[in-house]
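You will see two complexes here that share chain A, one where it goes with chain B and one where it goes with chain C.
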Partner chain A sequence: MSVYPYLVAAWLLGVGLYGVMSSRNYIHLIICLTVVQASTYVLLLSVGYVSHGKAPIFADIPTSSVTVDPVVQALTLTDVVVEATVVALLLALVVQANKRFKTVDPNAMTRMRD
Partner chain B sequence: MSRGRLAIALIGLVLLVGGLAWGTAGSYGFGHYHALYGRIVARDSVPDRSATNAVSVTTFDYRGFDTLGEEFILFVSVAGVIVLLRRMRGESGRDESLLAEEDRRASESSRWLGLALVGPLLVLTVYIVAHGQLTPGGGFQGGVILMSAVAFVAVGGESVVLLRLRRASSGVELAESAGAAGFAMIGFGGLVATGTFFENFIAKGTSGLLTGGFIPLANIAVGLEVAGGLLVVISELFDQRFTRERS
Partner chain C sequence: MRQLAPLAVAVPLLGAALLVFFHTLLPRIAAELLALGIAIAACVMTVLLLVHVGHGLTVYWFGGWHPRQGVAIGIDFAVSAVGAGLAAFVSLLMVLALVYGIHYLDVRHPYYQVLMLTFMAGMVGFCLSGDLFNMFVMFELMSVSAVALVGYKVSEGAALEGGLNFAVINTIGAFLFLLGIALIYAHTGALNLAQMGASLRHGGDDRVVVVAFTLIIGALLIKAAIVPFHFWLADAYAVALTPVCLLLAGAMSELGIYGVGQVWFTAFQGALGSHAHVVRPILVGAGLLTALWGGAMALTEDHIKRLLAFVTISFVGVFLIGVGLLSEAGVAGTSVYVVADGLVKASLFACAGILQHRLGKVGQHRLHGRGGGLPATGIVFAAGGLLIASLPPFGPFLGKAMIDDAAIKAGYWFVPALVAVASALCAAAVLRAGARVFLGWGDAGSDAPDLADEDTEPETRAGHDRTPAIMFVPALALLAGALATGVWSGLPDLAATAARRFTDFGGYHAAVFGTAHHLGSATSSAPEWFDYAYGAATVGLAVALTGLNLWGVRVVPGWRRASAAAAFAIAPIRTLHSGRVGDYTAALTLGIGVLGALLAVSLL
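Right, the complex of A and B next:
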């Protein structure tokens, strides 16, 4: 049993969260958020991995083959799409915040609250 | 980070690490996954649905209801982007001279590469969407590829294509809505035909492209929605680049 894939997921979560906490720029913050999301992909895919399992695509392998779990892969697919649209929404918020406050620094923005 | 923020962050971090350790302590070791659900789905995809891509079968058929919810997240996010980036008071329209200048700056090589890749990407989109139930691919992936084809054209110094897209935005939004509605309709089709929401009610076929019952239809609907949604997002964000405050 190897724990490395889980350690990679934990590491991605850790560095992503650190980036989110210490960020001085909203665009940088959003990129850090995508790093946090990447940890969920790694986690989901490594949870569903079966030793020596093939991809669950039976186009060119017999239907009796051992495959990795298709459900977590479907979840990952969903995850990627949701991430892309949520990032678009957040970037739109940054565009408007920049118009209003003339800055993309989260700290500066709390000082300028009116 | 200030001291106060650091303290709050540390509290959260301790809770997070504790929760993660507690939550993952009893989980499967890497490579030892043996939950029954995934195995049943993988085993039944081919005999039950005549579809070889078990991931597609899970996404659109067995768990179609969950995908519908996710579709609506996408839909609402795109609506949010449209609302957030609408023209505000005190903002003038697009400055077309800025646009022309931007296009002139594209290098010859990116121009050629951008235009040369459009055709192959369009063919790839159709291929990926149409074979979604057989090989890796489907509506989500196809929609993203279609969007990247448009992005390539824009990067290749033809950002006028995004301008046209913006003028035809009602058509693009219609495609997006039709995709979202179409996927929901497929679910209701199951309800009408068999009494179960998202039951696969179309003949499954035996081989070739027309297999998997409604999965190819679902792929087309989702492809329309993803492509439409992302094209709206890209043209809205692009528009911001050339919107200036009225002076």
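Right, the complex of A and C next:
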């Protein structure tokens, strides 16, 4: 197993966080959050990867075959579902914020409060 | 009886789903009572579960997938007395919060009740889970519900902003949690906490364990709002609907601390247990910093709900000290303190909600003297302030005394004094607010009101001319509960026994894998004379600080200069609470980096 997937995961985490920190637009910020999330996908899938492993579906292959780990794939799927909810909720809040503040700039919103 | 564990989560979830489908057919009051009934049912289940668990551990394997040959292949709920107790406490707060909102709360659609029920399911599930990935899912379920509840009043800018900050920071926390889970799964091949702990005991690559530990603990500390991960909390709790505040301040932050204890004692203790002397000062130090930071910020706040949010932050710091001592006695003290103090904070938030209902505002200066017509609320608020200062012999005093004793035993002799200062700061902030609002003491406009609450609209419907019993009774009941926890003499011993079970990895592992393991009950020592001294000193300091804040200008020469210097000293800290999510993310990243560096330097 090579080290590259882990480097990719770390890179995605880093750039995603940087994006969230520096973003001036909430839609962009939420996309940056999904970049951070992508690092979790990459890490989970690379953790379960086995060189030359088959897909873990034993209907048409012998049960003794080498397969990749199905558990991390299940975790990734759950992660996708959970975070889809979060992103939908965040976007809904941003739509409301846009109605209220007429802007989607996180910094402008705080200035309007005080 | 073990089926109660999954049912306590499934019933609120099912109830929420039914409420979404059938709310168009039901009148509003019926939907409210239905939600309340479901919450009461779940509450009864968690209490029965707590009684059933007793000294042991109740394990429920979903779908009957029991472990085979010592390998956990299914997903379990492993319920300890600490977990069941916390679940019961959460459920009780939920019942009172739902009662508090009946009829008066100005919310259209029963989505509010639906979200409260999913919130409850998430919190209860988090307390009961014996599987790290399930903890993550429950963590997310409660975060998403809580975010929606915080941002419920979409017409208010502050609510939207608080909700967005809360959502972004907690979502980053969730990703860090998941990254940690992926790494520890790669290392141990387990998601079940007991199996993970057994595998970690056999050693291996320490670097992976340290990185995973940093990520998981960091994520839980974000949820708990430990400095520097705490910025989102004040923005969110200050603007949430009052019944939601009851739960957020009373229980949700504390669940992060519970999570820290759970993953340490069941899993990471195996690998890092011999390095506990390194982990302990990091956790205790972060706790102390948080306790003092929260106290200092509370004293500078004008907005009462925001003030109470900082009190919450301060106390979460104290709880982290208790659990961070990584000892049985520390966990026992924290268990008592979380319940007693959670009740007090919920009661104070309920009082703030009554002020908002009657007077339409929660800013101290705007309300100066206007609370004179609400003597009963004022008395509850003042009593809450004194309990925050750990007035002997009531619940918060008992919990604090137990944590202090555990800290002294662990060699942290300075902890009790610093915690006393933090509690006194919080209590002074509360008492000062009470004196200003209810008695009209102090100068009406001595400081410029900051972050004025133009945005805080009344959250209740008609009837602003009187305090409905349905709002006042929960406030009183919560306060009475906090008083009672100190009078119930059996509580410390029960907490000590529960803590012995919670901290015992061998017993946890044996129970999950179905082998008997008997643990005796434990007893807790009564508070010592110095505990009473610290309690009395805290109350004294709190009252003195309150008086100085109200009349210092007139009584003490040079006070104006001193308070200006204090304001100048705290100004940079206040500036950090900018409300900008980018800044908060930067602080979070820095905090995780420092945590990881500290652990790496001392462990590797």
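Assume the second predicted complex is superposed on the first by the 112 of 114 C-alpha atoms of A that agree within 3 Å, B and C clash if a C-alpha of one lies under 4 Å from a C-alpha of the other, contacts with A are read in each partner's own complex, and residues count from 1 in each chain.
Operating definition for what follows: contacts are C-beta pairs under 8 Å (C-beta built on N, C-alpha and C of every residue); 3 or more make two chains touch, one makes a residue touch a chain.
Just so we're clear, the structure is a prediction, and the values are computed from it rather than from any experiment.
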Quick one: on chain A, after the overlay, do chain B and chain C clash, or do they fit? Just give me the call. clash
First (chain B), second (chain C), both or neither touched by A:70: first
One more residue to check, A:89. First (chain B), second (chain C), both or neither? both
Go through the superposed model and pick first if A:47 touches only chain B, second if only chain C, both, or neither. both
Answer with first, second, both or neither: which of chain B and chain C does A:2 touch in the superposed model? first
Is A:58 contacted by the first partner chain B, the second partner chain C, both or neither? first
State whether A:21 touches chain B only (first), chain C only (second), both chains, or neither. both
With the two structures laid over each other on chain A, which partner does A:105 touch: chain B (first), chain C (second), both, or neither? neither
Quick one: which of 207-215, 423-431 or 441-449 on chain C sits on top of chain B after the fit? 207-215
Shared contact residues on chain A - chain B and chain C: 17, 21-22, 47, 71-72, 78, 82, 85-86, 89, 93, 96
Which part of chain A faces chain C closely enough to touch in the complex? 9, 13, 17, 20-23, 26, 29, 33, 36-37, 39-40, 43-44, 47, 71-72, 75, 78-79, 82-83, 85-86, 89-90, 93-94, 96-97, 100-101, 106-107, 109-110, 112-114
In the complex with chain A, residue positions of chain B that touch it: 1, 5, 9, 13, 16, 20, 24, 27-35, 37-39, 41-43, 45-47, 52-55, 57-59, 63, 66-67, 70, 73-74, 77-78, 80-81, 84-85, 88, 134-136, 140, 144, 226, 229-230, 233, 236-237, 240
Residue ranges of chain C in contact with chain A within the complex: 133, 137, 140, 143-144, 147-148, 151, 154-158, 160-161, 163-164, 167-168, 171-172, 174-175, 178-179, 181-183, 185-186, 191, 451, 455, 578-583, 585-586, 589
List the residues on chain A that touch chain B in their complex, please. 1-6, 10, 17, 21-22, 46-51, 55-59, 63, 67-74, 77-78, 80-82, 84-86, 88-89, 91-93, 95-96, 99
